[in-house]
Amino acid sequence: MKRVALWAVLLCLIGAGICWAEEAANQTGAVAAIQPDGQAKSLIDTGDTAWMLISIALVMLMTPGLAFFYGGMVRRKNVLGVLMQCFIVLGVITAQWILFGYSLSFAPGKGFWGGFDWLGLCGVGAAPFKEYAATIPHEAFMIFQAMFAVITPALIIGAFAERMKFSAFLIFTVLWATFVYDPVCHWIWGVGGWLKDMGVLDFAGGAVVHINAGMAALVTALVIGKRTGYANKPVSPHNLPFTVLGTALLWFGWFGFNAGSALGANGLAVHTLVVTHTSAAIAGITWAALEWIFNEKPTIFGTITGSIAGLATITPASGFVTVFAAAVIGFLASVVCYVSVAIVKPKLGYDDSLDAFGVHGVGGILGMLATGLFASKAVNPAGADGLFYGNPKQFLIQLVGVGVTVVYSFVVSYIIYKIIDVFMKVRVPERDETIGLDLTQHHENAYTILE
Amino acid sequence: MKRVALWAVLLCLIGAGICWAEEAANQTGAVAAIQPDGQAKSLIDTGDTAWMLISIALVMLMTPGLAFFYGGMVRRKNVLGVLMQCFIVLGVITAQWILFGYSLSFAPGKGFWGGFDWLGLCGVGAAPFKEYAATIPHEAFMIFQAMFAVITPALIIGAFAERMKFSAFLIFTVLWATFVYDPVCHWIWGVGGWLKDMGVLDFAGGAVVHINAGMAALVTALVIGKRTGYANKPVSPHNLPFTVLGTALLWFGWFGFNAGSALGANGLAVHTLVVTHTSAAIAGITWAALEWIFNEKPTIFGTITGSIAGLATITPASGFVTVFAAAVIGFLASVVCYVSVAIVKPKLGYDDSLDAFGVHGVGGILGMLATGLFASKAVNPAGADGLFYGNPKQFLIQLVGVGVTVVYSFVVSYIIYKIIDVFMKVRVPERDETIGLDLTQHHENAYTILE
Amino acid sequence: MKRVALWAVLLCLIGAGICWAEEAANQTGAVAAIQPDGQAKSLIDTGDTAWMLISIALVMLMTPGLAFFYGGMVRRKNVLGVLMQCFIVLGVITAQWILFGYSLSFAPGKGFWGGFDWLGLCGVGAAPFKEYAATIPHEAFMIFQAMFAVITPALIIGAFAERMKFSAFLIFTVLWATFVYDPVCHWIWGVGGWLKDMGVLDFAGGAVVHINAGMAALVTALVIGKRTGYANKPVSPHNLPFTVLGTALLWFGWFGFNAGSALGANGLAVHTLVVTHTSAAIAGITWAALEWIFNEKPTIFGTITGSIAGLATITPASGFVTVFAAAVIGFLASVVCYVSVAIVKPKLGYDDSLDAFGVHGVGGILGMLATGLFASKAVNPAGADGLFYGNPKQFLIQLVGVGVTVVYSFVVSYIIYKIIDVFMKVRVPERDETIGLDLTQHHENAYTILE
Amino acid sequence: MKLIIAIIKPDRLEAVKQELYKEDINLMTVNEVLGHGRQMGITEVYRGAKEMGNLLRKIRLEIAVNENYVEPTISAIIKGAQTGEVGDGKIFVLDLAECVRIRTEERGGVAIG
Amino acid sequence: MKLIIAIIKPDRLEAVKQELYKEDINLMTVNEVLGHGRQMGITEVYRGAKEMGNLLRKIRLEIAVNENYVEPTISAIIKGAQTGEVGDGKIFVLDLAECVRIRTEERGGVAIG
Amino acid sequence: MKLIIAIIKPDRLEAVKQELYKEDINLMTVNEVLGHGRQMGITEVYRGAKEMGNLLRKIRLEIAVNENYVEPTISAIIKGAQTGEVGDGKIFVLDLAECVRIRTEERGGVAIG
């Protein structure tokens, strides 16, 4: 594994170099790509671009946010393991995206993946690509989507936290991004994607991001097995304030995630933001209320779990539904995820350590279906009416979208896991697990005890 | 209390539902509300909207920022209690705002509250509402103001930290938002508000936010009584870096709070930002200097307290004064708040645990009066000249604004507290206080000790 | 030292007052300065201004981000010392900038400093100053640059962390900002600056910020001497998650730092953001790979160090190079900084506590030179072609820029240090160092142990 | 010489210190421990998973004294720490064979104070 | 009466507690310590600076018992903590001269339980 | 057998460990404590509220040794920890009735090392 990493980096650079060398040869591409004047400029709206620039930054911040959200929940001896996995995803998937991930996902094409025209970002410059976003540079859309491609595999980390080998994790992530994320993303969002053409609505990633990651989480949790000693005793979060901090950053970033998906600073972006915030707020208080009823006391851990569930669930619906629908969706998000996390999981007995499936997978499915119920052309004429607005067909379409994503992600994630497991055990040896991932996988300690 | 919470949530949803059902019936409203084209679009400026979108996110982030600012100051056993109170406010007041708070505060009207036309956000859509902001969607103004409505009651938490029952807190917050925040907000900012019509200047919430919250803080601190053992020994902050982190997020968010109140990306917004930053900076170093003189050494805790005082104090003045005035105001903010926190409070002996009154209340009063001195039409033609620019009347008007807010908030906060205290003791039993709110109110621990 | 601080603040206010008094006298200046209509308005682009507003906020957040980045690395007993130094810089340099720093740096002029026309911000208002940015208020450019002036001296803190007297630090910072930062900034960025006129390219501060701070770091580390006990044992970071948090905030803020330096929401800003993110990502994984090869395991501390190196290195190049070049630069950044931090430093044996020189100084030099290699007019017509695009002269120009900055900062920082050392020992007494800066310099503890 | 170890409730530390000062006992070593005693713990709940937290925060005092101080120390601790409720804690007394002051290398009873 | 001090691996705490409960030993005081023993530490690396971390996290138990409980306590601890690998830890037994229950002021063997 | 408890200044730990190694004493248990001694605390100030912090960070070492190692251990600790200033700390020596190595169930002097 050791040197492979470096070689990979070098190879990437060379690969990319070829593309840019070509580019440099005929020059024009690059010029049109970035120069902010002439025809390109006239198409670009500075207000829309300003909102995209900050949305990109907001969504980038979500991955560190997730790192703290998850990092606070694990034991002290594993917190760096979680932070490391999140940050390495930020690095590796950014590279993957630039080299080929963006092309596989978004280059127009009707196949399994998108086309190969945009490998190494060839042709992706300052001129808008109208089919995706007419008033911002194509590069802005590309890098905005890069942040989605980063956070999705990072979400899965919650399922196998505290017991996966770092090298295996790295390989899993790259393969998963390429063979699960990129195709599903293309099908639902890419020009020529078959689910998109069928009419599946997924505003900001209910299926592409949350179901996709959630199913992979379920698979890996099942296959890797429970943490040692899990049966006897629940694991208390080692630093709940960190988890709260992560939630704050995620909520903050989610405004860019959802409202940024409007790809401009318009009424739809504002409405999406309102809807997103409403769902998060209602879901938070709903979870607190459920705990108050069933566990005597509301907890901050529950409240923020509810908010995250509300955010995940509203994601696919956020650009299509009214504020009222958002409140209902937020309410349902907490009820359903509460049942899945606090009742179903212990019954079934798998160890989805930080509830990556229970919150994101379940929330994503719920949100995609809710979109089929509550979507309204009155909110977004570019969308469709849902069942409650007289169009039952949309609900069926959403069901198909959900079904395809669930099955595809489950099966392919399983295959990837198993293949890696043949070459190297994916799970760390028990001794390493006992000592903790920080020391055994990274030779570091998060906190000093003396001094 | 237990089930009440859930029922409340459900009721809200139903209430809201009725409104949206109506809306759906005649359709048009919703369409005009969100659709980003036709006449509505032509009015919306994408640059202004982009700045509002991010300002909304920035102000949202202030409540978690405040949670860490306060959370770091309390003892380890109470940190989750503080975080929980802040997050539940984010949830509950968002719901309140959408259902009726926004209408009570901002629907045009000359009464105690604004009108009831905007209950459940009926009629609040993408079309700008010119009286508030002509170039951004009405929904943007609504949700921007929601964040103000959230953070204001959250500020009060500092006064009764470490000893209030969670259920009592929840009821207090909702009543306070409805009977104190909403009317005062209407009087000063709402179309038809009598203090607004009188000419009271409050750019971003010196009276509406800081005096309002500060007086409620003073009342609750007085009525709930000192923390057990307070007399013997000051309570050292359990995690000052968290308090510093909170300050950073607050300062960052305050740019949205103040400069966002310009409601557009214009010269005034930029100037407001400059003024805000200047006041925070000068106030920070002033407090440090005061400590250096009177306590031998400057502290980080003092420096950030000063900055927060500077931010709170400049808030009402930020859109009306020059940079020079901002420096003076920042300087005065630290001097006055230092006296109030380090000298007056110990003398009077009430236990405003985290100085919610001493910093926000006192800072707000100072800022409102300073606005009456330093405001200048040269800075903002939509404002007024203050005493130093030859218009003593404005100072008197500001005095009225301050007086009304101080008295009203003090009295009504007292009444609300006392009514709740009749039905349920507001203060936790001493045993719970000793063990800590985290365990007794929420059944959680912030940090693990072993593992 | 004690009362000096307060007097300084007062003096500043008076000084500033004079300027504003004049301003007030002839009124017009102030009006034109802020009023958002008439001719001024027509020039201002709301989209560009929105992006600048948020970029300002982002860059402000970098200083607290740096505080946590550094604060997590030191021992528990010194964390507040680091946070305090960062926050006091935020306060003091903001004051310095407003009073005279901005004028010294940016007022047009051909001398050692810029002119004195903008002392106290006289004449700096809402109207754009075309030579710097034609579509945003001049005040926006001023305050954006203020954040750069703040973070640069804050970077140096890493070199002498855990052992500098606070009062000496304060004096050093103000003198350094005035005699090192302001002139170098003027030479490279100011209208009339000789290095600018010579054609030195530094998009967002490779020389002005990183080399400048890095050389000062090297000098101070050499002169102040090693930490007591440094030889025997490396100092483990007391709270690595804080360092990770700081990295997240820095990365987030760097989008404003680099892409904000495009001074508008245009294709160049987007491209700069993409380039910045790419370099950070590649550098992060490169450092991890190097550790994997040479130290058996990749660490999170290494990964984030790499990312910061990548960000610092790409800074001067970010608006001039292709994405491919950014990947190469990111790769080189980690390789070179890794060598400097993990191999050269221990060999030479100086104690640059947190590698302010090893990462920022070295990265800055590398980045400036790389700009001379990879810059391309195809990317930014306002730039120049580098060596690889057929213009070897640009590389020589960059060499001159680097050389001048390296020598000037090294020498003048040394002189400033030595002068202060004559009047007061710059280093704390050994007893204070042993007990820790938090208690001895600030009379505070970061964390409670009991309770 | 005896080494007295006392386990007390965290919020009684201040009171115990005051009582000890009154008896002129100023030297002690303190740390935080978790105690498992007759006192009922408080249930903790994390995402629905309940845990009967049976380890409660306590403070552990270690005080080395000469024989004649043993009883005053014990009664001072009791005075400061007793609330009458379960969980008040215990005092353990051990024989101390030797005591050395590092600074002066003094030994025995004289080194203790 | 004896005061038993045991240094064990952190992940064995739960098992040790269970074994102690079986022997009806419910009272104990626990804290985290760092142990330096025969067990090899794990190298830590910070920006290339390697450090042989020779202090490992351990749990320290303090249990005061009457004589007849000494052997059951020792064997319960061994049963719960033994893995057979280096680093399993040690048990130290000290004579306990006196024991006081703060709540009731009871002394001696009766105060211990 | 003896159980040696030493309270030292945090920054002396490294030196004490080196001195102990020289005497071939490698086994020990360490934790952080707060000490209240003759050494003056440093005033802490929080928003103007002053507090005379009289508890200072110290390191507590616990070392079980056979009789013949007692004096070497004591003098090694002194050598490493002594600075001559107030606050250098104390060494306490207790009789150790029994010692058990959990891994092997060995007892007595042989289990100590």
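Letters are used for the chains, namely A, B, C, D, E and F, taken in the order the chains are written, and counting of residues starts over at 1 for each.
Note that a residue touches a chain if its C-beta (ideal position, glycine included) is under 8 Å from a C-beta of that chain, and two chains touch if they have at least 3 such contacts.
Just so we're clear, the structure is a prediction, and the values are computed from it rather than from any experiment.
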item	value
Touching both chain D and chain F (chains)	A, B, C, E
Proportion of interface numbers common to chain A and chain B (over half same, under half different)	different
Between the pairs B-E and C-F, the one where more C-beta pairs touch	C-F
Chain B and chain D: spacing of chain centres that average the CA atoms, whole Å	45
Centre distance in Å when chain B and chain F are each reduced to the mean of their C-alpha atoms	51
Cα-centroid distance, chain A relative to chain C, in whole angstrom	33
Junction residues of chain E, two or more chains touched	11, 30-32, 34, 44-46, 55, 94-95
Of all residues in chain C, the ones touching two or more other chains	45-48, 50-51, 54, 77, 233, 236-237, 239, 245, 265, 295-297, 299, 301, 443-445, 449-451
Arrangement of touching chains [line / ring / star / complete / other]	complete
Chain F-facing residues of chain B, complex	233-237, 291, 294-295, 297, 299, 301-302, 305, 338, 341-343, 346, 355
Complex interface listing, chain D residues touching chain C	10, 13, 30, 32, 59
Chain A partner contacts - residues on chain D that touch it in the complex	44-51
Interface residues, chain F side, partner chain C - complex	9, 11, 14, 32, 34, 42-46, 53, 55, 57
Footprint of chain B on chain A - complex, ascending	45-48, 50-51, 54, 58, 75-77, 236-241, 244-245, 247-248, 251-252, 255-256, 259, 264-271, 273-274, 277-278, 280-282, 284-286, 288-290, 292-293, 295-301, 303-304, 307, 322-325, 327-328, 331, 376, 378-381, 389
